[in-house]
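Heads up, the next two complexes both have chain A, just with different partners, chain B and then chain C.
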Partner chain A sequence: MKSLIHRQRKPADAFAAVILWVMAMAVSFVFVWIVFSIVAGGLSSISREFLTKPPEFSGRSGGISTVLVSTAVILMICLGAAVPLGIATALFLSEFTGNDEWFGRLVRRSLDVLAGVPSIVFGLFGSVFFCRVLGMGYSLIAGGLTLACMVLPIFIRSAEAGLRAVPEEYRSTAAALGISRRAVIFRLILPAAVPGLISGLILSLGRAAAETAALLYTSGYVDRMPESVFDSGRSLTVHIYDLAMNVPGGNSHAYGSALVLVVLLLIINGAATWIGEHGLRRRLIRS
Partner chain B sequence: MKFETYSSSRESCCDREACAPVLSASDLSLFYGRKAAFRGVNLDIHEGCITALVGPSGCGKSSFLQSLNRLTDLIPACRIEGTVTCCGKDIHEPATDLIALRRRVGLIFQKPSPLPFSIRRNLDFPLREHGFTDRGEREAKMESALRDVCLWDEVKERLDSPATSLSGGQQQRLCIARALALEPQVLLLDEPCSALDPISSGAVEDLIADLRNRFTVVVVTHNLAQARRIADDVAFFWVKENAGRLIEHGPAEAIFSDPENELTRAYIAGLRG
Partner chain C sequence: MDSSGDRWLLWVLRGSAVIAGGVTLLVILFLVAASVPAFQHLGVVRFFTDASWHPAEYAAEGTFNLWPMLVGSLLVTAGAVLIAAPLGVGAAVFCQYYAPGAVAATYRRAIELLAGIPSVVFGFWGLIVLVPMINQWHPPGQSLLAAVLILSLMILPTIAMISDASMAQLPDEYRFSAEALGLTRWATVRGVMLPAAAPGVLTGLILATGRAIGETLAVLMVCGNIVQIPTSAFEPVRTLTANIALEMAYAAGDHRASLFVTGLILTFIVVALVFIVEKINRRFSSLIP
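And now, the complex of A and B:
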């Protein structure tokens, strides 16, 4: 028996192990390199003024305050539209249609196709539909709504997965107690699905905050402080793109903006996780 | 006329003549897709009695139980033929208030099914949804239901801890208390002891016996000894022609001492099933 367990490793096994190690190292290296270069290039431009002053000379100097405000407004509009619509659709898919009913299948299939559409196509759609047809022009609201269209498929599918992960037992138990469908959904299933909903939200927010192409056509480039949601405004990603591609001498501030964006995404991620774990715990006790 | 059944020596007042049956199934069949779970069942459930449904696995006992408060509605592709009346009213009428029906006819699952709330909220939530707006009233009902199942002393110090932290037997008693708090007329129990250890199982069985006369109880059980101990009426199911059938039913004593059907006799003697 001992010889079976302790028999010598075959060379092929060792070779495979080395290959896998190298692959994993390569992936980690790419990640470390990106973070390192952003921190190294951006840390020098980070200061209080950078966060609180508007850009000057097309962003070569000054700060990014107006850009941060525009980004926040765009993201809030995006979430304000995507979250209620997304949760309602996910509820419909998980609670009101079976897995193989034709309408549910149609909706799911369309969402999967939409999730694979390149963001620039969403940008073109947004610039035609929101900017022209609905007459919003280049504006924060057009950008936010375009992003909402873009993240909806991801958000809905992950929210649906979260809702379906709620044990079927809860539904039958509640039904056996004569509890109304409405109460089952709002007081039991939705709270129980919060972890899934939060992870869907993080995915969507991450994708929205990282989006550039769709915003170029819809919310525009203007780097002034927006006065209303119908003003054009520049998001962080568009600012980075513009500084890196169109503004000679804008590199250090492009790095600085990228660092801010990365930190922002980490904060959003952490906050959402914290809310999911603690803020909503009072409503529901998991074992 | 009072039936002198085995259990009537323990103060049963199972009066089959004086009152109309609480629940009555006539020519009831249930299909999952094309497969029949059971066919042509005629059975009356008498008020205040404990009716035990016995028989081998897969003979449609649980499906029959769930069809009595239309919980089978939750299963896609499930179809019912025949009628069930609850206090004289057909429960499959379109006008049936399902919420009221399920409050009147409660059901306990085989596996203890606490909701992912605290012990308190497990009882509080259904009460509030059924319109008990007064907090004090809900608290009182909760305490009396937990006392009914002898759980109060065990949990009164930790009502706000998760219901899932209780043991299996405690969870099952909590589920029974949760149903009792709604003051149902009929309690359907689907093998309530089979997922429990012998001691918890004994506690739950005693509890069911205590519910006699206060509630009408229908209990599915695989345990013939248990049926013999607690049942007033027994209904025996068996699989025939690929579908569950009700072979024989009647007072427990008659079924256990002198069954009419050969199958019943063999099953009770432990020769089959």
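And now, the complex of A and C:
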């Protein structure tokens, strides 16, 4: 397709091409620069001890083991709440409402609004609703549930897309055979939509793992090993923030933590992309 | 057929949808409820007419002027969008019409990865690398400029990916017709492709604006956080989001309530942007991915 547009030697044309190439190189350069700084700064502090020992002296020395545990717990709580609720809502939106039904439209519209709410505002909401009104205090569970509210619209959107990608013949054939809706959903539609659901889940996981602002005033700063979900615990992102802003001499471990976080997110996002493409290809081949 | 089971399932799913949709209502409800004391004790006008931002637990003891921080948020956002818009749309045009296949694929992947870098890492990089550089050029380094640059990097992928997707959707005939008319590549892009993809590009720009105005950590870490209306790009500023993150730790009473008012203002701005996007989408639904 591209060859159909001839290269013509007019000054404006050449000028535009040069500008576009320069802009692309500039953006790529900055991207490589950021990645290089994080890797170069972080590698020296990464070691087995860094991953397996708790932080000492506010994180200046020691490791990040307790921080990793808190992060994992927060993320599990987040997905544990968002995924079942999200799948059920997505099923309702894709299987039981047409586009025109007012209730489905209302739910979709409010999820669109929720998707736009800034993350610090989720933090405000969580600090009132989960920490105060529900009495959870600064805790892993309050942080995890706040994140669940935040990722809910993202997860529902991609789960719904996954469900809608299941061929319509599945439903009509099953209906013709007189199979109950329940059986159709659990035996046919959900299994067929698994790749879409998983890529939505991983997308939400990546978004939650990258979040800081919503956690500052919900799960808090405590860097000890949490003993239950009602203890406060700091996530990896909050750890980086605290080391960089509040701990003089914390930069080397902030670099190390940033490298761990970026590698973690690379794996998560890479998996989402891979599953998205893989699942899509399977569907295309089938049809 | 088990219709009672089906009915039971439908009610469970409907209930879930009510809860999921209800979260939005809950968020807004609690924001408003927590803001009420501020409106009762301060009103609306004082947020713009007080002498300064020196908040206190009781409305009578402090001053509550949010204006410099609103200006800070708007300046940071406007600057970031001004820088990221040409780079982002340029990236999309580059990948669609200029770059060889392998280069375009690599560049797309780089932009996707850029989108995956968390805001706290952007902030940290800005603090460690960018701020010292600006400091050498023109102290103090933590400044409006640093915030604008970091934020523009963060919103660039949003603009680039949405513009790219909407250009990819344009029918091939557009290109064929432009070709038949003997237009150059740049004339085709500027005269045909960009106008045709405009609704999609605009959607990307508005979503990026929403993202920018709501961003907290990356901006907080590099902007200096001094409450003032800056007279140059090298002066520190404080944004509405940063103000919440900085002061929630110790705020009480009317001070705390006024932070919730800030959250309410931010939410209204972003929700308004979301509705504008929806309007655009509805009008040009055939042209947007």
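Note that the second predicted complex is superposed on the first by the 234 of 287 C-alpha atoms of A that agree within 3 Å, B and C clash if a C-alpha of one lies under 4 Å from a C-alpha of the other, contacts with A are read in each partner's own complex, and residues count from 1 in each chain.
As a working rule, contacts are C-beta pairs under 8 Å (C-beta built on N, C-alpha and C of every residue); 3 or more make two chains touch, one makes a residue touch a chain.
Predicted, not measured: the structure shown is a model, and the values here were computed from it.
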| item | value |
| --- | --- |
| First, second, both or neither for A:Ser180, with chain B first and chain C second | both |
| Touching partner for A:Tyr170 - first (chain B), second (chain C), both, neither | first |
| Which superposed partner A:Val263 touches (first chain B, second chain C, both, neither) | neither |
| Contacts of A:Lys10 with chain B and chain C, given as first, second, both or neither | second |
| Touching partner for A:Ala192 - first (chain B), second (chain C), both, neither | first |
| More chain A residues in contact - chain B or chain C | C |
| Doubly contacted chain A residues - partners chain C and chain B | 178, 180 |
| Contacting residues of chain A [partner chain B, same complex] | 98, 169-180, 183, 187-188, 192, 284-287 |
| In the complex, chain B residues that touch chain A | 69, 71, 74, 76, 98-103, 106-109, 111, 113, 115-118, 121, 125-126, 129-130, 161-165, 175, 178-179, 182 |
| Chain A - residues contacting chain C, complex | 1-2, 4-8, 10, 12-13, 15-17, 19-21, 23-24, 26-28, 30-31, 33-35, 37-38, 41, 84-86, 88-89, 91-93, 95-96, 103-104, 106-107, 110-125, 127-129, 133, 149, 152, 156, 178, 180-182, 185, 206, 209-213, 216-217, 237, 240-241, 244-245, 251, 254-255, 258, 261-262, 265-266, 269, 273 |
| Chain C - residues contacting chain A, complex | 1-3, 5-6, 9-10, 12-27, 30-31, 33-34, 86-87, 90-91, 93-94, 97-99, 107, 110-114, 116-125, 127-129, 153, 156, 172, 175-176, 178-179, 184-190, 210, 213-217, 221, 241, 244-245, 248-249, 259-260, 263, 266-267, 270-271, 273-274, 278 |
